[in-house]
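We just call them A, B, C and D in the order they show up, numbering each chain from 1.
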């Protein structure tokens, strides 16, 4: 137990050192980005992810339904054909906090991810993609319908 | 202890397609219980995927990821029979690791 | 008129007797339920209309024509026109009432505002794409029909007690069972008939 | 004359546009369902249920592996496609949930009353629900074949049919108010016509299901419970006659259809 703990401590120290010296990318040692997840707008999320502006790009595709039967589960997929795609983020503009999830890709990753997010209401969904150090964005509206007897 | 997740990994043409289902409430921190008290946020924060000792993918989730989260990603370099290992950690520091053999 | 009265009271006698003698099915059925919250066991005590329409033949519009007529007349007799003669409120409020399908379940409280639940079954304002189709479309309701006294009174009556016009209509008896109060009904009337309502654009 | 023609054309065109709008909305919903079909969180419950099935538990510290769901002790495959059915040992028609509870009582020594009064997702009931997820998964793709031969099964079918049409409450609703005609919807949700074989199979064949709106797994008992809530009825008692009778009615009507359980629903 003690040994394991010591080993873990040693590893952490090494990883820290590696990150500091740039031996591994920042992404692999990333802490959960609280500031980004608290941000309210696309711009603020972008800033807290270290970007300043994001160009619209048709090289990013959002795979999401036009209408979601229920806002509790909205499937959102992001595919990028931008070379050197490093990072992806899914944002829901009208949610209390815009950022739903972000993905840190490795050199082996395909530039694709799919997950499911909650949407409080009909809103734009943005996919932010960082490729070769630069940020890009694409947007799609998803309508959330009222369902069932409860209205 | 957290409930197990379901991990599926399939190799096709050198690309491994990984699908993960996690059992987690993903409580937003916005909802109130019957007595009007706010239910504190409880959600997965980070997820890492490794194959052959190498991290191949990482995700960070906010509370807006759906309950019982689903995640699908792809990576190169895995072969049939290799093991993909997925670990998530939540904001209460609960964690869970599960594995799947690439088929 | 006298004949009508006799018919109605005859129907009432039928109700009274059958209410006393609970069938085996009714007993077994009731034994499968528990009162919960505001949903008491009395909700399983069917009135004459509900009994009649629990028969699939009657529900399908066939069966005893005389009984059907008597039921429609009895329901017609329950309709109260607005106490102050005013039929219209605010269509914007009407839209909110039409959207809400809440209330009156065992998870609701006694003071939970009951919605009209209109969109559950009807298309109303076309902008709302999430609408049901158990009832007919009400888009352009007033534009098509105008707002003559007949139309206004019929519409009020239909909302108040749909069973007056069709014994086994799927539509709840909204005024009769006090699901909406007079003011709320006026708002729904405005949504359907006010020329300013988006429904009539 | 020309203008009349024109306006008539306009009217019919706008009526068509209205139809097209609703049509495209339901098409889009179909697309949405397709997108979430891959990755049904029911699997998480199924996995838990499989563990519970195999684990010694309860006062008797026994597993459920000898539980007879109608096809012999321990046979899970295809069992859900043939339930409810009459069981000789209890002299009752039982659905999957009441039968699992019988097994928990007889094999493991649990008190069924506690499970019945527990509420959904509470206490031992939670285990019943997980076992349901496990069992119904093993009928996926099979033909629905609910028996209606034994006099008690016939009795239950008749009760189910009457209960289906039983109208009451402050909104005059019965099951038939929503599920008695083809092509009907509440909001954008299609309502299967349970009086037909096709419609009954759409209901019976897709429940139990993971319910997206509430984010949990719903057994058939829970599905029926919530139908009655929306009907503004008092609460049906868990595994009471009327709930099992309705399952018999729906299942027998659905015979020949396919089990697609566990489903994934709004």
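We take it that contacts are C-beta pairs under 8 Å (C-beta built on N, C-alpha and C of every residue); 3 or more make two chains touch, one makes a residue touch a chain.
According to UniProt, the chain labels map to these proteins: B = Sulfur-oxidizing protein SoxZ.
Everything numeric in this text was worked out from a predicted model, so none of it was measured.
S.K.: Any chance you could name the chains that touch chain C and chain D both?
M.R.: A
S.K.: Need the CA-centroid distance for the pair chain B (Sulfur-oxidizing protein SoxZ) / chain D, whole Å please.
M.R.: Roughly 30 Å, centre to centre.
S.K.: Just how far, in Å, is the C-alpha centre of chain C from the one of chain B (Sulfur-oxidizing protein SoxZ)?
M.R.: Whole-Å distance between the two chain centres: 49.
S.K.: Using CA atom averages as chain centres, what separation in Å is found between chain A and chain D?
M.R.: 37
S.K.: Just how far, in Å, is the C-alpha centre of chain B (Sulfur-oxidizing protein SoxZ) from the one of chain A?
M.R.: 14
S.K.: Got the chain B (Sulfur-oxidizing protein SoxZ) residues that touch at least 2 other chains?
M.R.: Answer for chain B (Sulfur-oxidizing protein SoxZ), listing residues that touch two or more other chains: 66-67, 70, 72.
S.K.: Identify all positions of chain D at which a residue touches two or more other chains, and write them in rising order.
M.R.: In chain D, the residues touching two or more other chains are 25, 186-188, 215, 230.
S.K.: Quick one: which residues in chain C touch 2 or more of the other chains?
M.R.: Those would be 119-120, 129-130.
S.K.: Go ahead and list every pair of chains that touch.
M.R.: Inter-chain contacts occur between A-B, A-C, A-D, B-D, C-D.
S.K.: Please name which positions on chain D make contact with chain A in the complex.
M.R.: These residues of chain D touch chain A: 25, 28-29, 31-33, 35-36, 186-189, 212-215, 230, 266.
S.K.: Where on chain D does chain C make contact in their complex?
M.R.: On the chain D side, the touching residues are 18, 21-22, 25, 159, 162-163, 165-174, 176-178, 180-181, 183-188, 191, 195, 228-230, 232-237, 240-243.
S.K.: For chain A, which residues are in contact with chain B (Sulfur-oxidizing protein SoxZ) within the complex?
M.R.: 27-28, 30, 32-33, 37, 72-75, 77, 92, 95-97, 99-106, 108-110, 112-119
S.K.: Note which residues of chain C are touching chain A in the complex, please.
M.R.: These residues of chain C touch chain A: 99-102, 115, 117, 119-120, 129-130.
S.K.: Which part of chain A faces chain D closely enough to touch in the complex?
M.R.: Of all residues in chain A, those touching chain D are 63-70, 72-73, 75, 116, 145-151.
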